[in-house]
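There are structures below to look over.
Okay, so chain A shows up in both of these, paired with chain B first and chain C after.
Here is the complex of A and B:
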């Protein structure tokens, strides 16, 4: 689409074969991440946001997962058609990832040192002494107190916030072009979350890397992201720059989702505007627009046909009625 | 003037730490350390704090799911801590709890009607036909269809399960319900449904809630008063608007500023605290917050501040309160 896109994803599908049938977890999505910018994918659990992130690095077990796409390009290089060996060289080097659970994403039986060294050994030619120095320096950069001591600690000796810092240090060690952050602060307390978000923002500014942020929390989005993609039941329903999506959402789902957050528009103690019903079962998707059964504005056309994404300048909306509703 | 429903005095809950071959007690986790507060009849008291600050233990202690180490819990003129099992059981119907995780708080081997009927028949003292009827009513009240009564928990989504847990809690028309992170495990759109349900139930039956949550937005929305906990103690308590608009304790200030906001106008300078909550086994000397506080002085490191009223209904435990 544009020249300054770092990652271009076109027509991405991820399907899971289950005994009950094929689950279309991600159903034909397109998005771009611009160089040096942070794109957030927001949605409720089960909407396909994590699967999207994992499919980029082919981190899904296949079978049951089946990933198909027109193309996935990183900086012009087609990473969709790479062999397993070639994609391994991309992982942790050009694209690295931090996961939601800092408790479980580090191996509990190895010291931090061993786990960090491995990243450097795979992607650099440094000798052991240099690696150790680089690791301790990396820990210091992400604000780990007493990095020399923590470097030889086991994961259980560190708190959740520190473990997430270690994960960030490891992810950033190879100076990736793209960092995928999957719910990086969900498991953390608010005060620690504030620390980690500040750290991530500082690291992005310093290194100029792009970030794909996966989250369900609009608060985190408002804090970190510059562009936003809203997903619902495997499809993108709306995308655009943060300020347009957050403060003048066009799609009924985005509006309802933002309205259901307490403390924004509703008086304290009053009833919140909630969305009735729940996310559809991906095995039994509604025929028309996937949000239609829960949408207060749906009409007959919405229940029959699937809306395509319509783009107006830099914002896109997948809704038949957005013009008349706004 | 509202009457006091619960009066908690100097409540302490310690958990022993056992080490070594003989499992000797080497230390204690000071989960709840000298808390005194009153819960008014018909109010929603929000309890906020970071993980490990003891808010769940507090909620469980005051309904005697966890034995208290010392202190008093006065409910209807009786000290719950001293109550024998028989009398306590008679009170169980009046004080209930909704747990955080709707996946593990319902028995997977029992249907909804089995669960609810048992409570109604054993504790409510009604026969099966009446219990079935009441179960249907309860399900309708929490926004589920009565046909769900024959289903097992695994057939429901997280939001529906939490509704069942709420139905179970309100089955015996309790006076007091502890909501322990009752909406934290739910998606935003489902969370708002359950919050609305809790608000509706309260409006209908004059319930009193102790609403425990780490989510400040939710607590602000639902509570009449808010108590802020740090490391087993209450550092600030007051009316919701006062706490959120004019917090006085440095920890409350930091906690509120760390909360993410979508409101453009309210985006402000964030106070980023250093470090993390200390362990509840090794309590810092002096004010418990001194190690992370940017205002801490020598006095804070030596003396323990007391929770003192600064304006009607608003108490803070800090030496350096500025307006």
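Here is the complex of A and C:
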């Protein structure tokens, strides 16, 4: 796709062995994250977004998970073939992660200070005093009021928004090349969401790192992302730069998604659409295009064959009929 | 970017971003302070601590309270003196030894045994439980089947069998009680670890690149400490009792050595003629076991965050 990619993922499969059979949670996807840019993976629950993110760091328990890929390259380094010990050194150092649930992502029995210090100790070689200063500075940067006081607080003494800020400060402490943000605002209320999004945007602008944003919220995507990948049932259905995808979506699924949020394509007073049906059971996937059973435009070919990704300049779409439909 | 737009952007970020509205700092009270406060509200637990403190103090500084040696000062003219005799407040035993002094010195042995056994069973049990619960798989199966085997035997029968093999001595009592005692700790710890390792903050610490050992002992274990501490405390009382039982059965220390269980054993012959020989060691055992149990119960309530008001 391009040369200045920080992360290149080629042909990634993640399968879970369950008693009912093998669940193909991620089914052969390719994507790139360019240096200093934010890529959002969008999709419904269960489409494989989070699994994709976790598989990059090999954080999935295997078994039952089985990860296979042609290659996963971080800045030219093949991280797919690293040993567990080597990948551990990448975690938190080159690739950091922010989780969905700030309320439970901090260890309840330790003060913030201890948890932050530990991250610094593992990934930098500052002395104790420098670490403390760096921590308080980091807390201040992410907008924690009275950082000296919050630094010695326990997680239960902080609100959800503050905890997410602490998580962000911790994730950024090692100056990672890539930040994976797995639904960073889902568990927060709307005003705090806005603050956290603004903070994230400011942090990526300042540090020049790349971000992999996992979300189901096109509002968040529109706010933060520069490139978008839309996933459906373990496959990529469309990708491209934010504005192209948002304003001229090619795939019927992307269109339907965007039509279900107010203000993007649906104008004030217009009617929001909903996508009928349910996400297919990954154990009983349709034979053809995975979206075909719910797609209003599907024809006989769609239910028979699986569409490949077709690239039009920097946009890609996996649909047989996109040309006639646009 | 022009100056104006820059200004506008700066203005935007300044006005909206630092607005952490309504997030005033809460009064910070440390976890341990909270626990201590709750513990102090439990009357029985406080009484337990009180009794235990006095007992430990008197046992450690036994020479301050009695001038008699518990073993050597045998006065055969003063056999079986009753309670309240001028020199011997709690009377003397069948060999004319001062009972009060034997109880004090005997307490050293009993309490120390309780403490040592409790600590070692905890260390071994917690270590094995951690590894078992964290790694799972065949390791878990292996350790847990061993635990099952140990727990399948009645406690005292197993202890007697091991004691018989090792030979009588206080050291062997400790060893036996450790061998018999660790499996329940391992099982308790494993259960805790199993549920804790699925927590999000553990996933987060994995994503931060910490090692298995670090996550296991410094991230998961501290969260599991509360029930372990409670069990260890209760175990001290239980161990005092078990050690006394083994000694009572004559499997333990040399019968001249003061130990509460041994004293009870010797007092059997005089149960009717001189009941104070068995009453006082019995009371000593009961009191210390009871107060350790009260402390354990109090700790359990204090450490349980769901009790927080």
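Worth a mention:
Simple rule for what comes next: the second predicted complex is superposed on the first by the 314 of 326 C-alpha atoms of A that agree within 3 Å, B and C clash if a C-alpha of one lies under 4 Å from a C-alpha of the other, contacts with A are read in each partner's own complex, and residues count from 1 in each chain.
Assume a contact is a pair of C-beta atoms (placed from the backbone, for glycine too) under 8 Å apart; a residue touches a chain by one contact, two chains touch by 3 or more.
No experiment lies behind these values; they were computed from the predicted model shown.
Within the superposed three-chain model, A:101 lies in touch with chain C and out of touch with chain B [touch as defined at top]. With both structures placed on the common chain, the touch criterion links A:152 to chain C but leaves chain B unconnected.
In the superposed model, A:202 lies in contact with chain C only, and not with chain B.
Looking at the shared chain after the overlay, A:273 reaches chain B, while chain C stays out of its contact range. After overlaying the two complexes on the shared chain, residue contacts for A:258 are found with chain B alone; chain C is out of touch. By the touch criterion defined above, A:123 reaches chain C but does not reach chain B. Of the two partner chains placed by superposition, only chain B is touched by A:222; chain C is not. After overlaying the two complexes on the shared chain, residue contacts for A:34 are found with neither chain B nor chain C.
In the overlay built on the shared chain, the residue A:140 is in contact with neither chain B nor chain C.
Shared contact residues of chain A, touching chain B in one structure and chain C in the other: 145, 159, 161-162, 191, 194-195, 198. Across the complex, chain A meets chain B through its residues 44-45, 145, 159, 161-162, 189-195, 197-198, 216-220, 222-223, 246-247, 256-258, 260-264, 266, 268-276, 278-279.
Within the complex, the chain B residues that touch chain A are 50-51, 157, 159-160, 187-193, 195-196, 199-200, 214, 216-218, 220-222, 224, 240-241, 254-255, 257-264, 270, 272-273, 275-277.
Across the complex, chain C is touched by residues 57, 59, 88-93, 96-97, 99-101, 104-110, 118-119, 122-123, 143-146, 149-150, 152-154, 157, 159, 161-162, 167, 170, 191, 194-195, 198-199, 202 of chain A.
If you check the complex, the residues on chain C that touch chain A are 13, 16-21, 23, 25-26, 28, 30-31, 199-201, 203-211, 218-219, 222-223, 225.
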